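Have a look at the structure that comes next, please.
Chains: A, B, C and D, in written order; residue numbering restarts at 1 for each.
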Amino acid sequence: MTIEGSTTTEGHRRLRLGMVGGGQGAFIGAVHRLAARMDDHYELVAGALSGDPERAVASAIELGIDPGRAYTDYKQMAARERRLKSGAEVVAIVTPNHLHYAAARAFVDAGIHVICDKPLVTSSHEAKLLCKAVERKEVLFTVTYNYSGYPMVRQARQMVAEGQLGDIRVVQVEYPQDWLSTPLEQSGQKQAAWRTDPAQAGPGGCIGDIGTHAYHIAGFVSGLKVESLCADLHTFVAGRKLDDHVQILLRFTNGARGMLWASQVAPGNENALRLRVYGTKGGLEWCQEDPNYLWYAPLGEPKRLITRAGAQSSTEAARVSRVPPGHPEGYLEGFGNIYTEFARAVMARQQGKSVDDEVTFPSVSDGADGIDFIEAAVKSSQRNGKWVTI
Amino acid sequence: MTIEGSTTTEGHRRLRLGMVGGGQGAFIGAVHRLAARMDDHYELVAGALSGDPERAVASAIELGIDPGRAYTDYKQMAARERRLKSGAEVVAIVTPNHLHYAAARAFVDAGIHVICDKPLVTSSHEAKLLCKAVERKEVLFTVTYNYSGYPMVRQARQMVAEGQLGDIRVVQVEYPQDWLSTPLEQSGQKQAAWRTDPAQAGPGGCIGDIGTHAYHIAGFVSGLKVESLCADLHTFVAGRKLDDHVQILLRFTNGARGMLWASQVAPGNENALRLRVYGTKGGLEWCQEDPNYLWYAPLGEPKRLITRAGAQSSTEAARVSRVPPGHPEGYLEGFGNIYTEFARAVMARQQGKSVDDEVTFPSVSDGADGIDFIEAAVKSSQRNGKWVTI
Amino acid sequence: MTIEGSTTTEGHRRLRLGMVGGGQGAFIGAVHRLAARMDDHYELVAGALSGDPERAVASAIELGIDPGRAYTDYKQMAARERRLKSGAEVVAIVTPNHLHYAAARAFVDAGIHVICDKPLVTSSHEAKLLCKAVERKEVLFTVTYNYSGYPMVRQARQMVAEGQLGDIRVVQVEYPQDWLSTPLEQSGQKQAAWRTDPAQAGPGGCIGDIGTHAYHIAGFVSGLKVESLCADLHTFVAGRKLDDHVQILLRFTNGARGMLWASQVAPGNENALRLRVYGTKGGLEWCQEDPNYLWYAPLGEPKRLITRAGAQSSTEAARVSRVPPGHPEGYLEGFGNIYTEFARAVMARQQGKSVDDEVTFPSVSDGADGIDFIEAAVKSSQRNGKWVTI
Amino acid sequence: MTIEGSTTTEGHRRLRLGMVGGGQGAFIGAVHRLAARMDDHYELVAGALSGDPERAVASAIELGIDPGRAYTDYKQMAARERRLKSGAEVVAIVTPNHLHYAAARAFVDAGIHVICDKPLVTSSHEAKLLCKAVERKEVLFTVTYNYSGYPMVRQARQMVAEGQLGDIRVVQVEYPQDWLSTPLEQSGQKQAAWRTDPAQAGPGGCIGDIGTHAYHIAGFVSGLKVESLCADLHTFVAGRKLDDHVQILLRFTNGARGMLWASQVAPGNENALRLRVYGTKGGLEWCQEDPNYLWYAPLGEPKRLITRAGAQSSTEAARVSRVPPGHPEGYLEGFGNIYTEFARAVMARQQGKSVDDEVTFPSVSDGADGIDFIEAAVKSSQRNGKWVTI
């Protein structure tokens, strides 16, 4: 153990941050703000926090935003903020899925950097358009596959990349929850309502909400691409319009095999995202609910429990750690790492530099890949489990 | 906790036991003998322990068997033991798979009760013939899906049967190992050699050796039947003739969904059989490597850790427990439970009674069901994951 | 599970925060700043971050503090900030222990609220003087026994207070580490150096650094007072001037018994603070390294795993939770809870209100109690384990 | 992993075993019989199973003992069995504690080898006399500190002995239970009744029943001797005549420190014996309820989870393992290891050989040491925690 000074740089300069969505009563908006504050690289200066004018202003005031920069329309916000001398430099999109595309597009087109919640958009068509816009406008863009921000996930990725597991053969990933075991959406619970509504969530329910997280982390850590998949999506709760249970077989381009399970009807599971990767020389296991631990099993040796910032933690993990081992960092810190690394990239860009080798965050094309995954899974399932290429 | 007297009855009368296979250098034979001794219901009196005469006799002597009852041929053994006044009443078949059918058949036909290792036989054709013979000869027969002997597996089954989980929606089962991550069979290791040889193991490698265990326990606990499956069997180790990795999607007759994963190339896994069952009212989780624990999650309440013989352990679990909670029982005790319950059935039968409601052991038709599973999985995989009905 | 909006209020108004200590290279200062930012209730406006003028200014600039408010002397800082119209309202003391008293005293006397790291001071004499000053000046004061900020620690405290465990009989607390297993202080490692130097750390080494945390949490959760103790303090590493290993028997005023173990020479332990409380009706167990879980064992029933913000989490735990269950909160969030609750108290005080029933933070007298504990333990150990009254 | 043939030898020749105590309704007698059967080295041939003649005979018949060798008096049994041509070669004493001395003495004096449950006797005076008798009569004697039979405990001992932990500094051992949280003895529960009755249990309650186990395993693994102790024994349950809670500080002859906690009133604990040993180079942790795992933390490296029969399991562990890793062995197997190794010693002795280097079982002097420990702890506690030399 070491308790040297924090490795994460604080402060210096704060980027001016705007937010779309995330007004009073929202969930993920508050998480984004906590993440943004974590390492003090952002200052919240503007927001289209709600479409309702009263709520938009009230939310802004509550968050210390100048009411003059409380918008009800993201288009208006994009138009005005781009012209302000101290306009927002980065905007976070934290609305339900169906608004992601238009909102993100507005800021990208305005030349403002974007942090967008997942899934990126609701169709591969939108995804392609957005990717092109990002490329054209040369803005920085990240999609908050936030689990890739956990230090031990970074460590796992680095260990695989460095060959410590040998050639990867098997990737098992799962993300069970239980909160939709009953028809919660019928009770008016806001989070359940939009997530189970195709008009707001897009074509995927469970697969879009948590299946994409599982898919992303599997690729992020293993470094592998899924070539094709065979899916069985199912809806258990009567009256629900989208899938609440997902089972998929995976084949990777290198010949590896895998399984992906996501469920919202598995009692006893909160956010039990778990990844296991096996290669010719060793295996790894990581669970989101116990994120400071990484199990590493070199073939033929006892399993080792690597801890965040502890012995044999890797450079990539250390870069995104704040406190000594044995003092757990959690979900917000992991989420904050995406924000912090994105801030470093933005500030470097503003100075005409690149820090590509020193920061890691999911890109717009990672987001687009997630949409392709959803569409392939829906298609395979509709065809009774036919293998579909991504 | 209670430390009252052991609930498992000992001794009284010992059944005369014969064994086919299990001579010097074998693995599972010793396990069967330990299981038979556990509660003192058997006495080993005869054996065709090896096809090699010298080894057969040496093995017999080592095990305290009268050399006059050391056979090299199970047919001869069946013929003679049936005629002896104190001939074997029960015979355990512990050979490689390809010999199961003929050996089991010989004793069944001789009217001798049989305990047979799994998988039952190597084809559904043999399985059907054996089932018929068992029915015709009215002998008792069990196949050692030994994991169903663990007390907490019994408890899980009882809880499901009593409706504590509501309607079952999801069954996740997995059995990863790592011991065949390398081409161990090429080193002459006996256990690896026969298990990867189609001539001795039958059409399934990993799926026959451990996949069948996973399949059995899933049905045993959930009380559900698999209606159809979609399989992707794979061989990772170059030169290996049978599958060493199994991934299957399951659909149950009641509409439940499931996944089955079995692998012999997953570093860090020894015998990590794990079952998770989720219903409308709750969930259960059990792991073979920590068999004295059963996680029970009633929907909307904290998870509970039920311990063997501890608070709220069920009648079915208590019946097969020997020692107080906190004193772990293991693999051999679970295996022994199959032997003990089978002995109770045999002794009841000999007295013209039935104890069907008081004992539980996998039947010959459970064994046949396992063979159907293997064949369906192989077929589905050969057809690139087409759904195949069992 | 629920994923409703965050329960912790953000923003509104930020308190002006000053800091003493915590300049470049320090450890705990950065933690305090992260804690202060967590819920956006503070703005860092002034600091005596270092005694070295150059470092003081550089550190200030790095943290976004106006260099004009970068002090090298806390007395000067206290004198000036009290007179500024927008002077610091709260000051955090994060220096080595020997400076706590004078620094805290300077701000208390200036009528500025204080957040002080632990142990409070280095003698019970100083502690008494400080308590009196706090009372006289009517400022708010907290000492960062930060582990009491964890939601599940709050839940444990509430469950005990509500009688769910019955009468408390046994309190077992331990805090093992391994980072001082070698003479690290001789290598120049700054954290090790001052913590093992009586001139900076005070009379206790391990007992002051982590033993006090264990002592505080034991009392915080159990609601019990230690009446007397029997201690064996030991130094294992040659040349070390303070204890690095602490073993204590405890007797509580209600007749309960307990043990306290703290060690800095126990390889494999990072910050393994663990508390177990047993009463006539049940038991609780909590570990700092897995802080989102609380084991609850009602006598005669299976153990339950209560999760932060999950089923049956209590009102006191919910008040200090930010994100849904299964999304772990960690050390910084727990630390942040002390800051946030203190901020709520300060803002209420400024409005002439009291929120005593709605916030919880360790008081100056809790800090003084910790100093009494250190002195009693040192005394008992010097007298070869004689029972000493606290 | 390997699944080679069992390493534990079976059968060959069975020693003739007698038993004193352990009739119908008893607990530990059945455990001893299971242990004796485990590896087939014993045959139960005689017993003084009960003082009640009818029960003695009924118990014998139930266990397959010739009624002609069912005694009601151990003296008569010793006298007769020594003269029989095929008399008992080994006798197991499984009565309540107060009868251990006289019964053991009778068989030792008859030249019959003895396996005696713990604690050995009820006073150090008896212990000394018994040790002398054993020496004089040159019989083999073991006391069933059965936890020392677990493979991973053997591994831990070997690792310490080989210096893998460096010089041992700290030994923490605990054994909490909850079954005596209420005055169970007043309900007529037989096990509770005699264990809380000084006339049958001797001077120690909790300390004799489970504290001695903790004490033994601490010395067994660490290889250290306790020099002195400081104890606080307590009785929480009103009306109970013996201690139900034990807290002790330990000092070892090499300067190491330790703590021993045993309790029978800690809800949620079944048989949670746990040992932690820390040296200059590493640490070890083992828990009886999860006995197939041994945590090993080399200083400055990640912790490793060594599994029974798995990678890096030691020769001493392998010698007492029966089945491959991942197939848990439990309490009965560990207990059986004491029986098996004792059998090997007895058979070697009968052949004029010694296998001292190849077998390990607790000796009569280990038993006497446990009695000294009880007396020292009682004395220290009576003197209000004065340090007492063992």
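Throughout what follows, contacts are C-beta pairs under 8 Å (C-beta built on N, C-alpha and C of every residue); 3 or more make two chains touch, one makes a residue touch a chain.
Treat the numbers as computed from the prediction; the structure is a model and nothing was measured.
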Of C-D and A-C, the pair with more C-beta contacts is A-C
As a multiple of 5 degrees, what angle does the CA superposition of chain B onto its copy chain D give? 180
Using C-alpha centres only, name the chain that sits farthest from chain C. B
Approximately how many whole Å separate the CA-defined centres of chain A and chain C? 33
Distance-wise, how many Å sit between the C-alpha centres of chain C and chain D, to the nearest whole number? 43
Enumerate the residues of chain A that touch no fewer than two other chains. 178, 269, 303, 307, 310
Connecting every touching chain pair, does the picture come out as line, ring, star, complete or other? complete
Chain A residues touching chain D - in the complex, by the definition given at the top: 296, 300-307, 310-312
Which part of chain A faces chain B closely enough to touch in the complex? 165, 169-170, 172, 178, 181-182, 230, 232, 234, 236, 245, 247, 249, 251, 257-259, 261, 263, 265-269, 276, 278-283, 285, 295, 297-299, 303, 384-385, 387
Touching chain A in the complex: which residues of chain C? 1-6, 10-12, 14, 24-27, 30-31, 33-34, 37-40, 62-64, 177-179, 189-191, 269-272, 288-292, 307, 310, 322-333
